[in-house]
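Both complexes shown next keep subunit A, but they swap its partner, so subunit B is in the first and subunit C is in the second.
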Partner chain A sequence: MTVLILTCEQDVTADMVVAELDGSGVPVVRLDPADLPGPVALSGEYVHGAFRGHLSAGGRMVSMSGLRSVWVRRPGVPATRAAEPSDWLSEETSQALYGMLRSTDARWMNHPDAARRARHKPWQLRLAQRSRLPVPATLITTFPQAARDFADRFPDLVVKPVSGAHPQEPPRAVPTSRVAPDADFSAVAYGPTLLQRRVAKRADIRMTCVGDRIHAARKAVGPDADPDEVDVRFATSDTTWLPVEPPPRVAAGVRTYLREAGLAYGAFDFAEDGDGTWWFLECNQSGQFGFVQIESGQPVARSVADWLAAPGPDPVPSNGGRAWLLEGH
Partner chain B sequence: MTVLILTCEQDVTADMVVAELDGSGVPVVRLDPADLPGPVALSGEYVHGAFRGHLSAGGRMVSMSGLRSVWVRRPGVPATRAAEPSDWLSEETSQALYGMLRSTDARWMNHPDAARRARHKPWQLRLAQRSRLPVPATLITTFPQAARDFADRFPDLVVKPVSGAHPQEPPRAVPTSRVAPDADFSAVAYGPTLLQRRVAKRADIRMTCVGDRIHAARKAVGPDADPDEVDVRFATSDTTWLPVEPPPRVAAGVRTYLREAGLAYGAFDFAEDGDGTWWFLECNQSGQFGFVQIESGQPVARSVADWLAAPGPDPVPSNGGRAWLLEGH
Partner chain C sequence: MRPFALNYARPAQQLEVSVPYAYDSRLQLNVLPDGRLAAHDYAVLRDLGATTSTAGSKTHFDD
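Coming up: the complex of A and B.
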């Protein structure tokens, strides 16, 4: 049984996992959907009630029924390296590739549907609440008056994008910023705005979760940190990520979250306050883990490889099958 | 409890359903996400482990916890009618709106995840097979030799797009066409191609399914029909859609399909051959029903209104919760 990795050519994180899989003798096919059609080819036949599909990449042919798992790492847009690329060809190719892969029995890290749903910040916040994780008071609104009322109740606020990275080429991360005490909220009417009570943090927490395995790491806020620098991605720091034992309630909450979200992989960000409470900020279903592994020494790539190589049924219904407990009933 | 309809302003099909709901005294809020922010506004607050959300449209305010169901009819792209539209604003607005709606207990027709998955033709064909519906022999390939071999085994073929409508503005439907006996398949290498055994049909079948209700209609092929005109959407015809009783096995298969796909609504196209067999061609999760209702007299709009207004839990886990039986296990 083969592990299929969908990612671009330059992907050091994928390299780390491939090295682990190679070391264990697990067959791997790695390809970039941007190379289909061309260096990558596919074929699927539906005859007499049965389906037989094949993928070809790098001179190797693999049967779709022989796929153990699919790791959706950083795949390119299908057909973008074709001889004559077009939106139409990308759509046709995407439907062919993912439509066939969706029909296989392979396990997904992460399933495209679960991944897409998991990107919705408002949904994340609600699922974290239902998973009994502490969530800082948050408002998402286009009503200026609602923003003003919220700022009266929670005077120390940060503002963040609702959706994450700005969709330019290359995507640009928008930093979380503090809201000035005399902020004018009238512009809220022109775009949904996410306001959140600022957590006066003494550490950032990154929990990298792979199936049932949790790798929690902690990075203390430096003693001379600027309290206006609330976004760890943009802060300079002398401190490093160190392994930490998560509180049992947080570990249980994170497992509930992943199960209900149908995710096999999730990178959680928490802020630890002065009382030691871990406040949920977000769960990135495609979050990087290379930097944590290098600094903390935690074997995340090993965990990913083990999950991808494991036989048997999916421990988490990887397309989010459980989430109907939360939605749509 | 309120029914929320997401659609554009000019939508006669939605008008038909709204008339039914109004006649039953069911509260309805109809809005176009393109009008958010602006005429449509939203707000959601996450405080002390609870969520409270509101939508405002046409001067009416509705609580998200008061939504019974959401009908995703023909919604515009969020924020496209904003004062300063941009991809970034559309993404922020989409995440805010759908992220909140996904967190509610409302039932969906259809859930966005189930709808997205259901558009994949290769996945449709496999699910139809597993639902024991007859599927004409089909090949989807980028291997010219595979296409040649298939044409040897099944000499009478049609070719169709894998993905449906061509993504130009406005989208253009690509007709299904017969493959000439001496076809050169070398171009298959430049784009995935769907080849299917042609069904010599004596009628087209449209089954419009709403929850458990099936409205099956049949349109006979005219006696002087051109056998090269295989695509009913482009054929001229004197015959009309008439109600027909589906064979019990087909009705059972269609119900299995919808359940496993997590769809509350689906419009199935079949081709009836000379033996009376109904061959599955496709299931369009957003297929029109106005023309069938008008010609056949079947009360599809009434069924849609009844489903949207029905209290209680979702008869189908409407985000596709059951589909992990087929995928990813």
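Coming up: the complex of A and C.
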């Protein structure tokens, strides 16, 4: 049984897992849907009540029924490297590939339906609340007056994108940023705005969860850190990620979250305040983990490989011969 | 008419960096010029920031 990894060639974080699987002797097929059609090819037939499909990439051929798991890591948009790419061809290719993969019994990390839902940050906040994880007071609004009222109640705020996406024309990044005390909220009317009570943090926490395994890492805020540098992705720091034991209630909360979200993998971000409380910020269903492993020494890639290599459901018995006989009648 | 959050936008990081490794389709892994696996050279990965949580990606915003 084979592990299928959907990602781009440059993804060295995926390399960490491929190397682990290779070391365990688990067959792997790695491909980028952007290369379909072309270097990647597929075929599937639905005949006589049965489905049979095959994928080929890099000289490897794998049967759809031989897939034990699918890891949706950093796949390109289907068909974007085709000889004559188009939106229509991408949609056709996406439907063919993912539709066939959905036809298998393979386990998903993460299933596309669960992944799509899990990207919605407002939904994340509510699920975190229901999972008994502390969530900083948050407002998402297009009402300027609601923003002003919220700022009166919570004077120290940050703003961040609702989607987590960044504008591309021109390319810009929108980090989580501290809102000035005298901010003019009029422009809230021009786009949904996410305002959140700033957590005066003493550390950032990244909890990388793979199935039931939790790898928690902590990065202390340096004594000279600029309080306006809220976003750990942009802050310059000499401190490193170190392993930390999560509080039992937080560990229970993230397990509830993942179960309710239908996720096999999730990278949780928390802010640890001065009292030691871990405040939920977000859960990235495909969050990076290589940097955590490199700095903390936690074997995240091993956990991902173990989950992907775990025995899947019993293979569906082939009924091809029987179907042919039925056809003959 | 600029949304409030864009008041805090900054130029995106330049993500197109030259890497010292290349993808080997036979191994399905990135390989350094001396034949070692890039994934096993943490110093290279750390220097490149190739496995870090990033912002401003065109295609992936789950970091």
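Going forward, the second predicted complex is superposed on the first by the 305 of 329 C-alpha atoms of A that agree within 3 Å, B and C clash if a C-alpha of one lies under 4 Å from a C-alpha of the other, contacts with A are read in each partner's own complex, and residues count from 1 in each chain.
Here is the rule we go by: contacts are C-beta pairs under 8 Å (C-beta built on N, C-alpha and C of every residue); 3 or more make two chains touch, one makes a residue touch a chain.
Model, not experiment: these values are computed from the prediction.
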- Task: Specify the partner with more touching residues on subunit A, choosing between subunit B and subunit C.
- Result: B
- Looking at the overlay, what does A:Arg126 touch: subunit B (first), subunit C (second), both, or neither? first
- A:Asp113 contacts which: subunit B (first), subunit C (second), both, neither? first
- Task: Would you sort A:Ser163 into first (subunit B), second (subunit C), both or neither based on which partner it touches?
- Result: both
- Message: Let me test your reading of the model: by the given contact rule, A:Tyr98 touches which partner, first (subunit B), second (subunit C), both or neither?
- Response: first
- Message: One more residue to check, A:Ser286. First (subunit B), second (subunit C), both or neither?
- Response: second
- Message: Taking the superposition on A as described, I'd like to know which of subunit B and subunit C A:Gly191 touches: first, second, both or neither.
- Response: both
- Which residues form the common part of the subunit A surface touched by subunit B and by subunit C? 119, 161, 163, 166-168, 190-192
- Message: Under the definition above, what is the set of subunit C residues touching subunit A in their complex?
- Response: 1-13, 19, 21, 23, 25-26, 28-30, 37-40, 42, 45-46, 49-63
- Query: What residues of subunit B sit close enough to touch subunit A in their complex?
  - Reply: 36-37, 41-51, 56, 79, 82-84, 87-89, 91-100, 102-108, 111, 113, 116-117, 119-127, 129, 132, 135, 137-143, 146, 150, 161-163, 166-168, 189-192, 313-314, 317-324, 326-329
- Item | Interfacial residue positions of subunit A with respect to subunit C in the complex | 9-10, 12-13, 15-16, 18-19, 22, 28-30, 58-59, 74, 76-77, 119, 147, 159-161, 163-168, 170-175, 177, 185, 187-188, 190-194, 206, 231-234, 267, 284-291, 293-294
